Each structure stands twice: as structure tokens, then as C-alpha cells.
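Below you'll find the structures, each written out as C-alpha cells.
First subunit A sits with subunit B, and in the next complex the same chain sits with subunit C.
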Partner chain A sequence: MTARALSVVLPLLMAPLAFAVIHRVKARFAGRQGKPLMQIYRDIRKCLGKGATLSRTTTWLFRAGPTINLAATLAALSFVPLGGLPAAVSFPGDIFVFAYLLAMGRFFTIMAALDTGSSFEGMGASREAVYSCLAEPMLFLALLALARHSGDLSLSGMLAAVSAGSWLTGAPVLALVTVALFLILLAENCRVPFDDPTTHLELTMIHEVMVLDHGGPDFAFIEYAQTLKLWIFAAVATSLLLPAASGSLVWDALWGLAGVFAAAAAVGVTESVMARLRLTRVPPLLAAAGAFAALALILVGG
Partner chain B sequence: MDMISLAHAAVVPVILANLALLASSRLVTCIRLVALQGAVISVTPLIFESGPLTVHTAVLCAVALGLKGVVFPQLLHRTLRRVVVRHEIEPYLGYPLSILLGILGLLASLWLAGRLGVPAASYRSFAAAFATILTGLLLIVTRKKAFTQVMGYLAAENGIFLLTAVLAPGGPLFIELAILLDVFVAVFVMGIAIHHINRQFDCIDTDRFCSLKD
Partner chain C sequence: MQPDLTMRNGESIPAHLIPVLDFESLRTFLVGEMRGGGRLAALFGLPPSPGTGGAVRLLAVVARDGAGILRPVVSEACDRYPALTPDLPQAHLFERELSEQFGVTPVGHPRLKPVRYHAPGTLNPAAPAAPRPLPADTDFFRVEGDEVHEVAVGPIHAGVIEPGHFRFQCHGETVFHLEIALGFQHRGIEASLEGGLLGPLAAGGQGFGRIPHFMATAAGDTTIGHTLAWCRIMESLSGTTVPERAGLFRLIALELERLANHTGDLGALAGDVAYLPTMSFCGRLRGDFLNMTALLCGNRFGRGLVVPGGVAFDADPARLAELRGRFESTFRDVEGAADLLFETPSVRARFEHTGEITRETATALGLVGPAARACGIARDVRVDHPFGAYRRLAARAASWPSGDVYARAFVRRQEIRESARLIRAALDLLSGLPGGDIRHGDAASWPRPLAPESLAVSLVEGWRGEICHVALTDEDGRVMRYKMVDPSFHNWEGLAMALRGRAISDFPLCNKSFNLSYCGHDL
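Moving on, here comes the complex of A and B:
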């Protein structure tokens, strides 16, 4: 029971910290000190204390977008195990609920962006829709390969089936799925090379341009949901790479946390060493992720 | 690691190299990919050989590794330097479509392996080998430059080498060495031929051959 609670409470408390690790790694690469690790918590608190300015063209959809997105992300989080800790909720077939909860959150973010009536936000929404259309089948291919590998249709079960021993027998499959999941992590969380989260030019933004008109508590929700989403994908990808089964609650939790922060650091390094891809080069990269996942599926099947 | 997972570990880079070959747009990348694929493939006889390591297999692997991993890329790089061409591949068929065809080729090879009743242990290696041959043929057919056709030829040869390693482990040494020698001579001759084509016509587009008149 404690373990199930921990796998939800820890992300709720520490997801922004994992986000801050990315910033810190990037800052160090650029030779800067970087902002304090706790700054993101202060930003969220500051936004929560503010009022929101709403445009007269917007409707209830605009207000509902960030809230539904946060709620959907929280619900998806409850299916994700952390290292050796089991997920709060788990049943056969929950990968579909998991994937479509995330898709629903994104759908409402897109709707809220379109609701502003701004052409910039519409452009961002269109790009986000295209990329998520491409990323979703790749995510399913990767999860299907895992399901075939473990013979389990629940996210918790298929990740728990991976142990250090399964790396000895099925290393190619697991390595391919891990790489595919890491690419999907970058795409879903709008990180370089798919999207640049720090860009200030609306023409090149994808995710950031969709949330330009949100302010105050709405923006705090968006930021928080974004950190949770990063946590979700990082936890899934690293529980493949660093399987834990020590049996001790504390060690499992620490191992899981170490995995997530290592993934955040890896994202930071990726962002530091490469530039954002041209928009037309993004679909081939996602196709490469799909090729990795499909190859894993071929190797594991039959 | 048991034999099957080792075979898997060898098959993955081969298939990925196939797809990357179809997707890459630069000649230098192509040379490196073919060399990498050749290097991986040249050690596969060690995996598929049943029983203890024999001198025969060791010699074959060493010669293949030396040729495919070191000599061929050197020769090709030298040819590329001498022939001043644009270092881009000009495909008849776009890259996404090529990759799609490559994946279709892989699926067809898997189907063929199933139909032929290849034993389960070498099922995927057989499919990878056949897919590599198909990739090579696809490269020969769909790329404009004479240079890329050499790449396609080498990729197809990689596939044939893997196919022999899978289907006939421990085959006659001198036949395999003779084939390697043939390939070596072929790459050498093709390098010279490309050089001559380039000097004669100022380009190595095989397109232009159609407009030759006597």
C-alpha cells in the first residue's frame, strides 16, 4: 500500500525538480551557473497566486483546457510504476487508457489554443496535432513489443517483467524499445530536437506557442502538467534500462528516483549537444523511432 | 548470452544499417554504413558455427573483416576523393518511399523465411540476410550515381555472406575466400571505371548513358 502511494506521491512532489535538473545540466554545458533548482516551484506558486486575464473571444473551453490536461496527466500518472514500486492502479489493458488519457490532455490543450482565435496559436495547435498523430502509433508499437516480450498487457506488469536477467537474454529487443521510448519522450515533451522549449520566436514554437495566452493559475497547471508528463515518460523508459527488484521499499524508491533524474540529465545532455531539427526533418526521426519499435516487435514475435 | 540472443544482437545492427543506407543522403555516410554492416556481418560465422572454433572460420572472419571493414572503405574513400562529384546521393525514388520499400522487403523476407521452413534459430538471421540483398538491389536500381551502385553491390554481397553463414556454416573455405577476392577485384575495378567515366563525361550520372551515340 505504501509502495503504491509512494509511486504517486513522489512524482507529485519531485516532478518539477526533475525538470529543473534539465535546466541545470543545460546551464552547466553552456558554462552558466543556472537558476536555483527550487526556482520552478517558486514560479508555479507565483502563478497560482495571480489572477488570470481572459480574452473576450475565448469561451469555457479556454479555461477548461489546462485543468483537464492536468487532470488527465495525473490520471495517467497513476498507471506508471516508479522503479521497483508498483503503480497505484493497474489492470490488463491499461496501456490503452494510459495512452489515451495523455492524448485527451493534449486534445484539450489544442482545443484551448484554437479557442483563442489567434493565428499563431492555431499554427502551434496544428503542428502539435501532426506530431502527436505520428508519435502515438510509435508509442503503441513500443508498448506492443514490450507486451509481447513480457506477455502482460498492463503497464506495471510489462515493466515489472523486465529484470537484469532479461537483459541477458533479450538485450536487442529491450535496447531497441528503450531507444524508441527515449525518442518518444523527447517528442511528447516537446524537447530538442523535436521542439525547442526555450525559443522566443513564435514561428518556430510548437508547444510553447499554444499556451501563450494562458496566465496565472492556468499557466501554473500547464507547467506542472508538463513536468508530470516528463516524469511519466522518464519513469517508463528508465524502468526498462535500470530494472530494480531489491524488495526493499526505500532502495526501490531511491533506484527509481535515480533513474528518472538520470533520464532528465540525459535529456539535458541531448539538448545541449544538438540543435532543433527543421520541421520537415521531424517526421523521419519519429519514423526512425517507429522503425526501432517495429524491429523490436519483429525480433520478439514468433 | 546464448546463441539465439547473440544472433539477434548481430541482426539488429544489420537491419538498422539497411534502413539507414536507404535513408542517408550523403555518399560518405553510405560508405561508413556499408563498412559497419560488413564488419558486423564478417564476424557472424563465429556465431553460427556449431562446435569449437576452427582455423577455417577464424581465417574467413579475419579476411572478411579486413576487406569489408578496412580495405573497401579506404578504396571507396580514395575513389570519392579523386572523382570530384557532389557528395549527395541523387535518388530516383524519395527517401521515405525507399525506407518504406526497405521495411516491405524485410517483411517479405520474414514471410519467405517462414515459407521455406528455415529453422527457428536462424529464422531472423535468414530474413535479415535476404532483406540486405533486397536493399542492395534497391540501391542499385533507384540511385543515379555509379558510386551508389557500388554501395548497393556491396550491401548485396554483405547479405549473401550472411546468408552463407546462416545456411551453410563451415562451407568450403577456398570458395568463400575466392568470392571475397572477386568482390575485392570488383570494387577495385569499379573504382577505376568510375574514375574513367568521370574523366570522359565529367559526371558519374548513369542517366546520361541513355543519350550516348556513336
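Moving on, here comes the complex of A and C:
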């Protein structure tokens, strides 16, 4: 029971820290000190304490978007195991609930953006819709390959089936799925090379431009949900690459945490060494992620 | 009648020599010049002399870059005339400006809208009074259709940049048309300069009054460029020669300004494509170049360094050695940061084929500076119309044919190397000139009387391109018309064309690759 609770409580507390690791790695690459690791917690707290300015053209949808998104992300998080810690909730077929909870969060973020009537936000919503339409099948392909590999249709089950030993027998499959999941992680979390989370140029943004009009607690929800989402994908991808094997709950938990932070550092390195793609080149890269996953599916099927 | 008067950069000639053409001959002349490789460096109105009922004459300065000559012509007086723009796209903004400043109507102009949204006819006392329009309050070009949408950006932007309004007509992600409305920073510099030393700018001040300040801030990042162009007008009209040592300091200052801005631009381009290393390095290195200018004169932008007659600050050998040392180490770092940028495949992939303009478009619009050189047009005032120390240290024009963001970045990279070569050569020459004047006459000898009824044209290759200043004096030697053309004035339309049929998400990158001045345009 404690283990199941921990796999939710640890991300709730530490997800912003993983974000801070990305910032820190990028700062170091740029020769800067970087902002304090705890700054993101302060930012979230600051936003929670503020009021929000609402446009008169918006409706309840605008307020509901960030809340539903956070709720959906939290619910999705409960299906994700951390290292050796089992997920809080798990049942056969939960991968579909998991994926569509994330989709629901995104749907309401898009609706909230459209609700503003702003041309910027409409543009962002249209981009987000297009690219998530492309990313979602790729995620399913990757999860299906894992399901075939493990013979289990629950997220916890398929990840638990991966051990250090399965890398000896099924290395190609696992490697392909890991790469596909890392690409999906970058796309879903609007990181370089798909999107640039730090830019101030609205016309180039995908995700950020959708949340321009949100402020105060709503924006805190958005930021926090964003850190949780990164955690979800990082935890899934690293539990494939670095399967926990010690058998001790504490060490497995620590191993899982180390994996998530290593994934965050990998995101930081990726963002530091390459430029962003132009928007029209995003679909081919997502298709590449899909190709990796499809190849894994073929290999595991044969 | 075919006019045959030619002059050189920085020369002044008696005004009565300027050929006067009727509008039909003016059109024939200008169109012929453009076909023959000429370019419209300036086209503007001359204030009506008293008793002519407000009729305005046009003065055009054609630059023939290959031959290194300038050809000024004046039109007959008019209050309306057939527009030149239909035959001469590069006259488009000049004619709009003319109409706004003087109340003259170019009949048949396809887009006759205000340029700076000031009260119409400010430079023509005889123009009919009209209320001042609100900034960007105009009929924007619109594309109609169910699936066409309009995106308005600015004048308040997300970054700390100058105000400008951009109106996109889009179909999905594709831009059909971009219209740029500026004028938010109009300060009325040209109107204040009228009357020269007796004009309102000089009132109450010492020497040149507020004029040097206005030159230094016409475009804040082109302080040396505009100040130099103005000083050369003053020197030309007063028949002053600049000491060689001062000329070398001017060259170093102008090239340091170019280095600082080009380095900053490469960093900003890297930042726009989310490539961190070059962005961070160049941000710092730009500051190092600015500090070198501060080493020469105490101001990072070089304010107060260039003065009529020469420069205001000398540097002893120790200071020059310090400058050399700092320059070499900074330049080495810039080379590293630029190599990193151009050798990263993801950066090149992002730059290539983004915001392409053809050589034909660039020629038709009369683009100048790196934007023109990136279309394969090796047009550079330092090479075509050399002035000052550039006559001795010949500069080489950079160019790259592809016309895209990559070309505009790569031309800057080439120019950084060329500027470094020029600065080194100038420093070598300076060490061989141990002493000597840095200014013709002492500060008290300025301002000097200007030649009456004369025309002077001064071209300077600022880091953004050709800066053109033109002055015309009246019978008392007062400046009756002072015209400043910032390179941005030519190039903004180039940015609009670079976006046509392209993705709207490429706009910020294209905008950065042109990096035009708002206040230089708005004056």
C-alpha cells in the first residue's frame, strides 16, 4: 500500500524538480549558472496566490480547461509505476484509459484556447490538434509493441515484465520502443526539436501560445500539469531502459527517481545541442517515432 | 533632355546645376537608370519657396553602384503628379512619404497610405490642414474568403523590442500577404532639422545644439553610421577635409558597430531556432564589442565619438594595444560561436529555404545592405562609393546567392571576417601614425558656415546597409531640406515579400534575419 501511494506522492512532490533539472542542464551548456532548483516551486506558489484576469469573451470553458487538464493528468499519473514501485491503479487494458486521459486533458486545453477567440490561441490550438493527432497513434503503436512483448495489457504489467534479462533477448524491440517513447516524450511535452518552451515568439509556438491568456491559479495548474506530464513520459521511458532489479523497495524507488532525472537531463542535453525543427518538418519526425514503434511491433510479432 | 550631371559620394555641388525635368522625362530617366543598374537612393520633396502657392518639387538621387557615381535630378513644381511607383516599385514608400509630408498627390499610386501617421503636410506650410490620423489607423489590405483569417501582431510585442504592427492575411499556416504598419516612433527629426543651425533643434544649445543627439539616436544601434553620414554632410558643405588619423578612427568605430550588431544578430538567429550555445556566446560577445567602442570614447554606442571635422577622442599607443588585445580574443570567440552555428545540421536545415526572396525582387525593391547581398547583389557603399579611410583600405563586399535566412546569416558571418580584417589593417596604419590631428580645427571652430545654394549627398554603409543623407542649403547657407534615409526604409518591404506564400511560423526568424530598425524608419 505504501509503495502504491509512494508512486503517486513522489511525482506530486518532485515533478517540478525534474523540470528544474532540464533548466539547469541547459543553463550549464550555455555557460550560465541557471536559476535556483526550487524556483519553479516558488513560481507555482506565486501564481496560486494571484488573481486572474478573465476576458469578457470567455466562458466557463476557459476556467475549466486548466482544472480538467490537471485532473486528467493526475488520473493518468496513477497508472504509471515508478522504478520498482507499482502504480496506484492497474487493470488489464488500462493503457487505453491512460492514453485517453491525456487526450482529454489536451482536448480541454484546446477548447479553453479556442474559447478566448484570439487569433494566436486559435493558431496554437490548431497546431496542437494536428500534432497530437499524429503523436497519439505513435504512442499506441509503442504501447502495443510492449503489450505484445510482455503479453500484458496494463501499463504496470508491461513495464514490470521488462527486466535486465529481457534486454539480452529482446534488445532490438526494447531499444526501438525506448527511442520511440523518447521522441513522443519530446513531442508531447513541447520540447525542442518539436516546440520551444522558452521562446517569446507567439507565432512559432505550439503549446505555449494556447495558454497565453491564462493567469494566476489557472496558470499554476497548467505549469504543474506540464511537469507531471513530463514525469509520466520520463518514468515510462526510463523503466524500459533502466529496469529496476534490486528487489528492495527503497533501492528500486531510488533507481526509478534516478531514471526520471536522467531522462530530464537527456532532454536538457537534446535542447542544448540542436535547433528546433520548422513546423512542417514536425510530422516526418513523429512518423519516424511511429516507424520505430511499428518496427518493434513487427519484430516482437515475428 | 537627358541629364548628365554626376557627383560622387560626399561631394557637394551648386544647386543650380541639378537638372530640372518635367514628370515625363523624370519617369523616363528614372526607369532608364533602374534598367541600367541604377538604384533610387533617395526621393523626397523640397519645401515650396514663398509665393509659389505650395507647389512642391521632387528631388531624386540615383546611385549607380557599378560606376560609383550619384545622379541627382529635380522635378518641376507640382501639387499632384502621375505616380512613379507603377513603373518603379522602389519608389513606393518614398512616394507615400512625400504625399504625407507635403500633401502632394502621386496620382495612380497603388497603396497611398500614411507612412508615419503624423499630421499630413508637416513639411509644407501651404498644404491643406488635416487632422492627425491615429497610428496604424488605415485601410489594411484584406483577403476575403471563408477560410482566410487575419492575424494581427503588435504594436506591443512579447519581447523588449520596438513597436510595429504586422497584419497577416493567412490561409491556415500560409501567409498570403503581410502588411507592416510602422510610425509609432515618429519624432519629427527631419522637420526639426529644417532651418539648419537656426532651426528649432539648435535653439538654446551650444555648437550644434541637439542635432548630434538626434543623429546618434536616429536609429539607436546605428549611432556611428548616422552620425558619420551627417558629419560628412557638414564637412562637405563647409569644405573641410578630415585628418587621416581621424578617418582611421572613424573606420574602426563603424566596423566595431557592424561587428557588435552582426554578432548580436547571429546570436539572436540562434535563439530564434532554439540553439542555445551560439545564442549565449554571441550575447556576451556583442557586449565585448560595444565595450571596445566604449574604450575609444567612453560610450558603448559611440555617442560623441564622431564629430564634424574628425573625431572627438584620440587614443594613445597603450590604449590601442589594449584595444587590439581585446579585439583579437573576442574575435577568436566569435569565430568559434559562428562555426558552431553553421556546422550544426539542425540549424542549417532550419535556416535554408526559409524566407527566400529572389534576386529580381530584391533588385526591384531596391534592397540594401546584408539583405541585398544575401540575394547575390554585391552592393556595398564601402566598395561602390568608398569614403574616408575606405579609399585607402579597400573593403570587399560579401555576397551569397540563395536569398534565404541562411544567406542573410552567412553574409553577416562573412562580413564579421571582413570587418576584422579592416580593423586590423586600420590599427596597423594607426601605429605607423604616432601623432597628428584628430579633428580639423578645434571644437570652437564648429559650426562653420555652409556653402549657400548647394546640394550635398553622403552615403555610409551602416551595418544594416546604405545610410543616405542629403542636404540642400538656401541662399543664406541654411539647410532648407535635410533628408535621412535609413536602410530599413528600403528593406521593410523586403521582409513583407519574404513572407509571401510562406509559413507564418517562420515570420519571427525572417524578421530577425532582416533585423530592421523601427525608429530609423519612423525618424
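In the analysis below, the second predicted complex is superposed on the first by the 301 of 302 C-alpha atoms of A that agree within 3 Å, B and C clash if a C-alpha of one lies under 4 Å from a C-alpha of the other, contacts with A are read in each partner's own complex, and residues count from 1 in each chain.
Operating definition for what follows: contacts are C-beta pairs under 8 Å (C-beta built on N, C-alpha and C of every residue); 3 or more make two chains touch, one makes a residue touch a chain.
Because the structure is a prediction, the values reported are computed rather than measured.
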item: Combined model on subunit A where subunit B meets subunit C, clash or fit; value: fit
item: Partner, of subunit C and subunit B, that touches more residues belonging to subunit A; value: C
item: Which of subunit B and subunit C A:32 touches, first, second, both or neither; value: second
item: Partner chain(s) touched by A:284 [first = subunit B, second = subunit C, both, neither]; value: first
item: Partner chain(s) touched by A:101 [first = subunit B, second = subunit C, both, neither]; value: neither
item: Which of subunit B and subunit C A:168 touches, first, second, both or neither; value: first
item: Touched partner set for A:294, first subunit B, second subunit C, both or neither; value: first
item: Touched partner set for A:70, first subunit B, second subunit C, both or neither; value: neither
item: Contacts of A:196 with subunit B and subunit C, given as first, second, both or neither; value: second
item: Vertex subunit A, arms to subunit B and subunit C (CA centres, degrees, nearest 10); value: 80
item: Subunit B versus subunit C as contact partner of A:123, first or second or both or neither; value: second
item: Smallest distance from any CA atom of subunit C to any CA atom of subunit B, in Å, after fitting; value: 11
item: Touch list for subunit A against partner subunit C, complex; value: 26, 29-32, 119-120, 122-123, 126, 192-193, 196, 198-204, 271-281
item: Interface residues, subunit B side, partner subunit A - complex; value: 1-2, 5, 8-9, 11-12, 15-16, 19, 23, 95-96, 99, 103, 106, 110, 123-124
item: Touching residues (chain side subunit C, partner subunit A) in the complex; value: 149-153, 158-159, 172-173, 270, 272-277, 279-281, 344, 346-347, 349-350, 354, 503-509
item: Subunit A to subunit B touching residues, read off their complex; value: 168-173, 175-176, 284, 287-288, 291-292, 294-295, 298-299, 302
